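Notes to accompany the following structure.
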Amino acid sequence: MGTLTVAPREESARARWERFNPIVTGDDYVESLRGRDVTVYLFGEAIADPVDHPIIRPSINALKATYDLATEDPDLATAWSPLVEQRVNRFLHIVGSPDDLVMKNRMQRRLGQLTGTCFQRCAGLDTISVLHSITYDIDQKHGTAYHRRYLDFMAQAQRNNVIIGAGMTDPKGDRSKRPSEQADPDLFMHVTRRTEHGLYVTGAKAHMTGGLNSHWICVMPTMNLTAEDRAYAIVGMVPGDAQGLTYIYGRQSCDTRALEVGDIDKGNARFGGQETLVVFDDVFIPWEHVFMDGEYEFAQDMVARFTAYHRASYVCKTGLGDVMVGAAAAIAEYNGAAAASHVKDKLVEMTHLNETIYSSAIASSHEAKALASGIFMNDAMLANVCKHNVTRFPYEISRLAQDLAGGLMVTLPSQQDFEHAVAGPILQKYFKGRSSVPVEHRARMLRLIENMTLGRNAVGYLTESLHGAGSPQAQRIQILRGMEVERKKGYAKDLAGITDPAASE
Amino acid sequence: MGTLTVAPREESARARWERFNPIVTGDDYVESLRGRDVTVYLFGEAIADPVDHPIIRPSINALKATYDLATEDPDLATAWSPLVEQRVNRFLHIVGSPDDLVMKNRMQRRLGQLTGTCFQRCAGLDTISVLHSITYDIDQKHGTAYHRRYLDFMAQAQRNNVIIGAGMTDPKGDRSKRPSEQADPDLFMHVTRRTEHGLYVTGAKAHMTGGLNSHWICVMPTMNLTAEDRAYAIVGMVPGDAQGLTYIYGRQSCDTRALEVGDIDKGNARFGGQETLVVFDDVFIPWEHVFMDGEYEFAQDMVARFTAYHRASYVCKTGLGDVMVGAAAAIAEYNGAAAASHVKDKLVEMTHLNETIYSSAIASSHEAKALASGIFMNDAMLANVCKHNVTRFPYEISRLAQDLAGGLMVTLPSQQDFEHAVAGPILQKYFKGRSSVPVEHRARMLRLIENMTLGRNAVGYLTESLHGAGSPQAQRIQILRGMEVERKKGYAKDLAGITDPAASE
Amino acid sequence: MGTLTVAPREESARARWERFNPIVTGDDYVESLRGRDVTVYLFGEAIADPVDHPIIRPSINALKATYDLATEDPDLATAWSPLVEQRVNRFLHIVGSPDDLVMKNRMQRRLGQLTGTCFQRCAGLDTISVLHSITYDIDQKHGTAYHRRYLDFMAQAQRNNVIIGAGMTDPKGDRSKRPSEQADPDLFMHVTRRTEHGLYVTGAKAHMTGGLNSHWICVMPTMNLTAEDRAYAIVGMVPGDAQGLTYIYGRQSCDTRALEVGDIDKGNARFGGQETLVVFDDVFIPWEHVFMDGEYEFAQDMVARFTAYHRASYVCKTGLGDVMVGAAAAIAEYNGAAAASHVKDKLVEMTHLNETIYSSAIASSHEAKALASGIFMNDAMLANVCKHNVTRFPYEISRLAQDLAGGLMVTLPSQQDFEHAVAGPILQKYFKGRSSVPVEHRARMLRLIENMTLGRNAVGYLTESLHGAGSPQAQRIQILRGMEVERKKGYAKDLAGITDPAASE
Amino acid sequence: MGTLTVAPREESARARWERFNPIVTGDDYVESLRGRDVTVYLFGEAIADPVDHPIIRPSINALKATYDLATEDPDLATAWSPLVEQRVNRFLHIVGSPDDLVMKNRMQRRLGQLTGTCFQRCAGLDTISVLHSITYDIDQKHGTAYHRRYLDFMAQAQRNNVIIGAGMTDPKGDRSKRPSEQADPDLFMHVTRRTEHGLYVTGAKAHMTGGLNSHWICVMPTMNLTAEDRAYAIVGMVPGDAQGLTYIYGRQSCDTRALEVGDIDKGNARFGGQETLVVFDDVFIPWEHVFMDGEYEFAQDMVARFTAYHRASYVCKTGLGDVMVGAAAAIAEYNGAAAASHVKDKLVEMTHLNETIYSSAIASSHEAKALASGIFMNDAMLANVCKHNVTRFPYEISRLAQDLAGGLMVTLPSQQDFEHAVAGPILQKYFKGRSSVPVEHRARMLRLIENMTLGRNAVGYLTESLHGAGSPQAQRIQILRGMEVERKKGYAKDLAGITDPAASE
């Protein structure tokens, strides 16, 4: 149980919460990120005020949209929480029914439409969901009190309306070795020591979506664990400005366009995603915020349940897909090609693929089943099917959008050239298409499509669609496990007239 | 309005129902088809007793399975009907909720697993659903009493537990002409005259699935109609043995294997589909069984709603897909190849595609919305997406199953050769694979895959998947109509920073 | 070296050739098959005269077409043979240049167009090609005289204008065991004894395309062999009517339509494929016709070279693809839909896929390289790529053809119904489409598409495309072996600026 | 015929050539671009010395590679020119045989492997090829002397070893209007006046690949023209530094990474593409360099022939595909995943798709036919098929490469962070994978894949693959025109037994 000396740095759970004020509006949220003492590296510099950094701000704006939507469309983006007996942001809501999951999916699609990027809050939401049942199940087996701690934490989180981020993916080091076998033990997050008031963790969480934009980070195992990996079986909540945290910002295609003057070439000037490496150097977690400590045998279930929720959350990409359909239709119109049958056919194909993804997601939610703790979980097979389609269809939708955009998308000069005294009028003259459409509109729409298929938000629309919530092969493994092939062999044998018992083994 | 003389052939609605006895078991159903005075042509002969014809019987067996399932699994295949206050076969149930539609889908998948073919009862079920709202809507506008007639009919149908088939597809003649413009007016079904007791129709219904196996045929328009086509705006119920009906049986790939001795080469000896041309030569319908007569403006809605229901009904193909997955897995095992990674990968791909179809179907049902009459209708976009995937994925699933089957599937000698005194032992010797697997089992499984990918049930699994409930282009047109492209353009413009009102028109 | 007693059944090479007369015309070919003392089983009966059997004859017609084409288009279907100093059928020509291979491909496509089926002669041709270099290489290593024997045999074959079939695929038994490890040694063909005049083989060759229609069968190993498998390393020529041979005919989808009256429902009444199991029970081969005997280490090369030739021979399927494009275009026209943009688009897609196959095949031939014996061999990578596309694209072409055909393809009544006194006129009335198109033409075109996508010739167009010359995974293994990944890693490292020697190993 | 006064600016053909010195090495080429008086805008600034601009230089390097390869591998990258009786760079060689075209393809693939980008010289080469036959054909009809002028120009070009760029794509304005109907006549390039010594053109050429890096620009029509468009039927050679030219540089994804310190994040630091808008404001062309002037009826053929050559030139993308395969294999190895069966399978799929493209290209070249002028032209159908596959397969190859790369590709911090005193060691610690692989190598390989799938060279590998040499629909139109559907209908009718003459019209 470690030493019992209490270091001054062992900030209590209460003290941690007391630093928060309830957030109401999106602007409140932005303010809540100011003045935090966080260490952030970006382009080789420590960033003093991330909130106003032009590269970082669009990612904050995307999270801000999750607050704004709660104000503008409360039916969609808030829900009644029995826990605190008030309406709460749906990203903090404990899903109590299949309908809650469906409403979550609708909200996710809507936010995709509004931001055209990854709004970074789904992994946290799905973590909340998983912890409900996992803490309950651990308590049932081990007589622990994690579930109560969890509910207390959630009540505070709902009242303060904070953002909880998911710190899941360890760096993993040599993939052929287990956590406890790595040359460097820190390649998976682990408990370094325990005190009277809590425990300390060291390690890192890679690809942490919106890491810097979260108020709390939930650290948790990234894979199944064995008895030898017991020290790695840790789940806990850490405030984003905890002592010992370092953020190193991941770069994205075209990220520095955010530093340029003018908003056209940015494509989507307001919104962007964020991926960070979050490094934990002996970070303290008070016991009240520890939800697993050594119960390694629950790691596998935790990951499996997380993916059941999270793979359906990729329904957000259908919101981005809606933007792609709209952008492709708009640019075809600007180019004067909207009436061509092949253009309409491509829009139909984009829509068909996009709605196929949607259908798999909401089917998975509608078909959710209750777990022992009373929470509902997505149908795992359909969630995997959803995510697997997400690893394919956005690429084809993107290709079709580029097809309708035309080659100008990648040969268009810069906004500065458009605004230059000599070059500008030349560009206005030669890039005129249909007379009713301003050249600038054409440029803006092309830059949006570039943004989503090659640029900053292509990261979210394409590559993250491939790897987020597990790479394609991860889904195939789950589909293999869940496909009940023996039952299906039985159907075939029955129809083929194969009844010999010798063959049925 | 025709003459008012009552011909003796004008059988009353009551008389028509009196010829029925309530059906309880599958065997009752088979018996109910005996002794009917129907005219059926097959291979150039009038068939005296279709029930015992070896080509026809497997199609009757498939419908029998819908009765048997009601007995074996009443939760799945029956439902409580408020109309008659008793449980009724789900194929006769008026869908009162999204859950009813989801349960329908589950039953359809189950029957696909059990029969490996088209069980021919979905179009009738979806017709029942459509008529509920359409008769209601016509009454609302025209003050007619169709809805009451419909409910009376349905009460009788539920009590007698009969099969209602859908007579929808007119031969259509020259596709560039409307019904009233055709050289031969009979190329679309139309009212020829009206009497005090009812009306007469002439025409034909093509590709009628399970036509001969139905107790009642609902005739209805196949496309939108104009005022000139008023005579073609007819919906009515006709008993399958009505005077003036002629059935001409459609042939299928490998149909005559049903005439061969032995059950191996049939692949699926028990179950098959049925498509018939049903010709109506001045067939009488009493007023009680007329649900539309001239209200041409409702034809378009009727077709659109029918497709919303029916395109999701193609979820049945996921039951066949389950058989394909099972058959492919079994033959791979028989071939000794089950452990190869590419084999597992192909089974995963088959499952992924199959479950994608399933997800679109049940999503469409879960997302059903209530119509004015109180009935629920599938989400039209998702139903179209489901069917559109059905026009693609079974072909790929079939290709993968053939891949795992190996070439022997199309080079295997006949069952008679296997049973021949000289040839048989040679075949036993040389077609031995894994020692634990009888050669006959290998042959049976190969024949099942042949049956579903090239043979009799390939008709249902492939070609009907393409064209049933509308060919692929029909879904694309619906997706185009429903894709709300202006709304999506708005998302794109908003993100691209295009606010000029001139461009937003 | 076995016993030296000479059994009377040890027919000499000379005696075997003396039974042949030079074949000139297609009719000569058909005659040459009559009166042979062969044992053939089909549907449990020994067939006395295969030539006139209605199921077998279409397969003979397809081979006859290879003779007829030589007469009608000698530039395409014959070539000058330096061996016999006369023009010979191109199917017997030893390919002496890349151009010879290209001309072969053109001839194969042409025969596909003319027959719409597998004309069964390519495996034999590709065997001829392989043996040229393999016999040469064995002689170089072992000082044997196989190459001379081969050239003598080929001179006779060319002068007599015979058909040589390829007996390659052994039944294989338990796939996890090598030939010498099988419980039954006959599951791979092997030498049972040797005499002064020759040797005896026992075993079987499965899926032998056109087995019964060949004058000579070349038996050869189906896979790489080890020293333990020495007895299985046998290549030799056996006349099709040799003592000890038994043919068991493989059945195909819709094969028995050939037994029906009328030619419409057959789809393609004249042409079909043939797959047989050929059983060798102690069959004698004189030394003059033995081209490998124990040199097991050449088996792997032999198979690899065979596939390099043979996988490009699947260019024949582009001829069938041309028929599919034509049939789809014709039925769309008959249906009155030829002008629809989606119809044209589907024809373009079918053509694009078909020509992609063609390009891979002829690229492989144009890029052929000379082997030590002086013969040219297809580029192996491109031949594998060709065949791999053949395992995919015909299925999609077939799906698109079914799309354009419409559902009537699988619901059309039989020809007998069309000819029935009562049913016939009804069908004529209701299946009338565009007035200028006879209903019979529509029926015929639908039956052709059925024939090629579900029926008898779907076996050749689809399943054989998948498995002939190796199943898909076999090509993937060859592509893996040939893809030179280290060279390509070098390109990537060079561009990425990775120069550290430690990383380049 | 315009006025006859000679302005001093009318530089003679001789004077233009006298400004060149024969280029031998790649370094000579780079030097040849220095000190030219050209007007170039980039990011709103006129660039004084483009050669040393960090964004522009990689595009010059790519062209330099075409010179370097000629030195390093003269068999591949040079050819004997009968015109000047010496070996010349293959990019200036007049293709005299199918083999010349095949060698061109091999060189293109090689340069793709070496540069990983668009080396910008193919459109010019294909223009050279087209002009040979078009000038010849015009002369034949009109008695002009264009062909002699063309040969004289080419002799000078070959002796001086210059780069000729293709100025083809006009801005086009309103797509629904012809050149002569546009509101602004300059939206298509046209002749403004003619003098004794030459003519003047005004207009612009968009998407001009490597425009700024060329010594000469060949202006030519972009589409078929009518008699009214006579002034637009102009082909001529203009030196890249001619009076009246303005270049406006197109921006590309991640272009400004070239301005950053360090070479890692650039992905491919040395090579990049270039697309420019080239504006012609009353630019003079002496008669000796005019190859078409008003013969509008040849515009269509010129475009068709250009696309036949140029669509096969997209074989270059297989060189980039080789880099993708190598990069994916390398990163899988660095990640410790190289042995996984799904990894190998994805590399095989990437290779299969890449080689399919290659096969279509070289098949098109091998099948080239001679034109009247004696030059050989690619088979048009196969060239279109090649390009159409290029519009699809690189996207899938790119997706698979991203799959194997893993999510780190889009979350990796900047090189500056890796080099930061605090952040750097943290990153080294946590991004360690297999112990034998330096973290930097992993980073470099990920950045290369990012470069080719999202970054600067994704423009060339993806979007240019879609739109260069014509967007996908352009190929579909050509395939439609060339698919000879009537001939194929004939095959189908013949096999279906349709002989009635009434149906064959």
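Labels for the chains are A, B, C and D, by order of writing; each one numbers its residues from 1.
Note that in this section a contact is a pair of C-beta atoms (placed from the backbone, for glycine too) under 8 Å apart; a residue touches a chain by one contact, two chains touch by 3 or more.
None of these values were measured; they are calculated from a predicted model.
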> Which chain lies the greatest distance away from chain A when centres are computed from Cα atoms alone?
Replying inline: C
> Between chain B and chain A, is it the same set of residue numbers doing the touching on each side, over half shared, or a different set?
Replying inline: same
> A-C or A-D: which has the larger count of contacting C-beta pairs?
Replying inline: A-D
>> Nearest whole angstrom, what separates the Cα centre of chain A from the Cα centre of chain D?
In response: 40
> Whole-Å distance, chain A centre to chain C centre, using C-alpha means?
Replying inline: 53
>> If I count partner chains per residue in chain C, which residues reach a count of at least 2?
In response: 342, 345, 476
> Any idea which chain C residues touch chain A in the complex?
Replying inline: 341-342, 345
>> Applying the document's contact rule, which stretches of chain A touch chain D when the two form their complex?
In response: 41-46, 171, 173-176, 183-184, 186-187, 204, 206-207, 246, 248-254, 256-257, 260, 265, 275-277, 279, 335-337, 340, 342, 391-392, 395-396, 398-399, 402-403, 406-414, 416-417, 419-420, 422-423, 426-427, 429-435, 450, 454-455, 458-459, 462-464, 466-468, 471-473, 476
> What residues on chain D touch chain C, complex-wise?
Replying inline: 102, 113-116, 263-264, 267-271, 322-327, 329-330, 333, 344-345, 347-348, 351-352, 355-356, 358-360, 362-364, 366-367, 381-382, 385-386, 388-389, 436-438, 441, 444-445, 447-448, 476, 479-480, 483, 485, 487-498, 500, 502-503
